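Heads up, the next two complexes both have chain A, just with different partners, chain B and then chain C.
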Partner chain A sequence: MTALYRPGRTPLHRLPAGPKALGFAVVVLAVSLLPTRWEASVAALAVAAATYVFLGPGLRELVAQTYGLRWILLIVFAGQLIFSGLMPAATNTARVGAAILLATLVMLTTRVTDLLAALERGLQPLRRLGVDPQRASLLFCTVLTTVPVLGRLALEVREAQRARGGRGVRIFAMTFTVVALKHADQLGEALAARGVD
Partner chain B sequence: MSAFELDQVQVVLDDVRVLDDVSCVLDAQRIAVVGENGSGKSTFARLVGGLIPPSGGRIRVLGLDPVKQAKELRRRIAFVFSNPDAQIIMPTVAEDVAFSLRSQRLGTDESTRRVREALEHFGLADLADRPAHSLSGGQKQLLALCGAFVRRPELVIADEPTAYLDARHSRRVADHLFADLGHRLLLVTHDLELARRCDVALHFADGRLVSVGPAATVVPEYEASLV
Partner chain C sequence: MAVPRLATNDLARVAVFAALIAVLGLPGAVNLFGAVPVTAQSLGVMLAGALLGPWLGALSISVLLVLVALGMPLLAGGRGGLGVFVGPSAGYLLGWILGAVVVGLLVRALGRRTWASVLVAMVLGGIVAIYAVGIPVQSAVTRLPLSATLLQSLVFLPGDLLKAALATAVTMRLARAYPRAFRTTVPAGAARQSGHPER
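After this line comes the complex of A and B, so read on.
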């Protein structure tokens, strides 16, 4: 879910970042509030699919993003199935899938730099309440870029553990925490070095 | 006014004296910092870059106090660290380079132009829209250099910038660092060939500056002490 931006010239690419993010936030909220009925879920999925195909990066990207969500959707479905039954599980999972697909569209069609600038502008009124818009938007960016790094670090720790014949979640968690904190230190230093106070 | 003026500088971190009684006045264009692991080289680089404050003594870098004038100093210098992964802030290559210009408050056109020129200079133009974390280690370090040089710094502080790189990328990174772009270079390195390319070298041991002088003299002396 990082670096999702795909260069392009679709109508969604051409929309300014701020209104686009706000619009999608409203749509995603509306999808989340839909009643638990199959018609509503089908409609949400249809809206998401149509937005990809007609306004966004196209059918191939829709298929790729849906495939990427398979495990999340499976977990959501399994959880709902246990507690709510087949039909609510299917409709809720479809709704969650539609919401994630729609939210992902913002990332796919907007450069993070533009999102960052829009977020900074949007948060300006909160400055009076002590919120630093620059810091808040930077936090958003560093979260995005840190996810794949942590994934790679976790893999390296796991490999090192295997290479030394070690097993166990507790040791992995301890080592991974230390490595992640070290990365956080280095990232903080890199930010300071690039003029961020 | 010299570029670096240090007078009896100390750095204490977690009750450990990592730099002790460091005094020197340097004005060379390219300065190498050599010494064994734990000798205080990286601490020295961070100290002159204003990333850590001195615990004692007096220090001026480019005529500025790195503690009281840290913001101004950071505008005029750029860092390159050994681990390229820790230097990537933004998701894509072009955005990461553009991030370096954020504090300079340039207009969009000027910023875009400088990013494009820098990417071309560092051979990264074709990778502009690629996720930065998908690059190879060598490409990531070139990206870090690109992010450093796009700011047109007066001083580049590079802390073992070739440590994780293969021979080809090491050479490319070194060539960029030593290119005549009007910047000063402070290079912390274990690569003695690179150190020899500098004008002046500092040799650290156990947190103390044991010798300062022409790289052609200091580096061979240090090398001989390793045997």
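After this line comes the complex of A and C, so read on.
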């Protein structure tokens, strides 16, 4: 499991994580709310491309990310083409693509640890409502460390099942759920033993 | 309005279920129904609602979605990042939260769990609730009329019905063979903290 982060020293890399994420959220939302006009979509695509090339990870990453979106964009385009015709289909697909490309820039230029730290700071005002930012951080980090463990457990369950000639999805789902729940019990005990109350 | 403190064993379960949903999206980890590209992730959503209850289930999914928004590739096909939340499937992801709440409330409301009643809970929460958020958002994102979007989304209905049946089977079996799976007891600390004046 690797994050989308690409190391670099571009202007976008140097922006602090919190303000960058918020700023991009606003820009991306604005792009998503653009009217269905081809001029608007072309402008959005131009802004996205220019940000990649001049402020971010560059043309090559722009091409790679666009290629990565090919299936989503194709599905959107095909659905539109059937129901609304060529021009709206192209316009709407371009707008969706531009919004996704812009949003991806945050992940490409920011480490997940920096974003998590920014999130913990961002949660501080919620203290009044009883939210504990440190506990929230613990929860997020626990999920990230648990994903590889559960991935391994899932493979083990499947291999054990295969060794006995079993193939059923139902048996797998049942066994994997019980294994995951047992892991949760152990995890809870381990956290308690380390002084997390 | 104070948020009750999350007990450590609940924290562990919430984290593990978020991770479980992520693992159900890994390619090769679970290959549901042969070659059909159906992600098993909404199966995890239904199970989270049924086993953790409505609120912890919703918390578990929210935590997963926050991590996805932060750029972790935890969705099916290694998708992740803020972009997912402006794409056509954004509404379905947000619908997961509502779906877990609906499944959790319905399964909890059932006095005696029967196959049919649990299946109804899974279909209402795991399909109807998720589509109810997902389809309007998809229609808004792609500017395709609601009726056309609805028609387009029917492609996923057979797979989702199979997942609802699977979630029902797992829930029914666990209720009989591993009742500890269901989080029903309220930890003493949480009850004391919420301090109902009438008691």
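Here is the rule we use: the second predicted complex is superposed on the first by the 126 of 197 C-alpha atoms of A that agree within 3 Å, B and C clash if a C-alpha of one lies under 4 Å from a C-alpha of the other, contacts with A are read in each partner's own complex, and residues count from 1 in each chain.
Simple rule for what comes next: contacts are C-beta pairs under 8 Å (C-beta built on N, C-alpha and C of every residue); 3 or more make two chains touch, one makes a residue touch a chain.
This is a predicted model, so every value here is computed, not measured.
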Open item on the list: Looking at A:106, would you say it contacts chain B, chain C, both, or neither? Reply first, second, both or neither.
Closed with: second
TODO: Pick one for A:142: touches chain B only (first), chain C only (second), both, or neither.
DONE: both
- [ ] Examine A:7 and indicate which partner it touches, taking first as chain B and second as chain C; both and neither are also allowed.
- [x] first
Open item on the list: A:96 in the overlay: touching chain B, chain C, both, or neither? Say first, second, both or neither.
Closed with: second
Task: Touch count on chain A, higher of chain B and chain C - done: C
Open item on the list: With both complexes overlaid on chain A, does A:180 touch chain B (first), chain C (second), both or neither?
Closed with: second
Open item on the list: I'd like to know which partner A:191 touches here: chain B for first, chain C for second, both or neither.
Closed with: both
- [ ] Determine where on chain A the residues touched by chain B overlap those touched by chain C, and list them.
- [x] 2-5, 112, 142, 144, 149, 183, 187, 189, 191-192, 196-197
Task: Of all residues in chain B, those that touch chain A in their complex - done: 46, 49, 51, 71, 74-75, 78-79, 81, 83, 85-92, 95, 98-100, 102-104, 129, 131-134, 147, 151
Open item on the list: Which residues of chain A touch chain C once you look at their complex with the stated criterion?
Closed with: 1-5, 21, 24-25, 28-29, 31-32, 36, 72, 75-76, 79-80, 82-84, 88, 92, 96, 99-104, 106-107, 110, 112, 115-116, 119, 129-132, 135, 138-140, 142-144, 146-147, 149-151, 154-155, 158, 169-170, 172-174, 176-178, 180-181, 183-185, 187-189, 191-192, 196-197
Task: Residues of chain C that touch chain A when the two form their complex - done: 1-6, 8-20, 22-23, 26, 29-30, 32-33, 43, 47, 51, 63-64, 66-67, 70-74, 80-88, 141-145, 148-149, 152, 166, 169-170, 173-174, 178, 180-181
Task: Complex contact set, residues of chain A against chain B - done: 2-5, 7, 111-113, 141-142, 144-145, 148-149, 152, 183, 186-187, 189-197
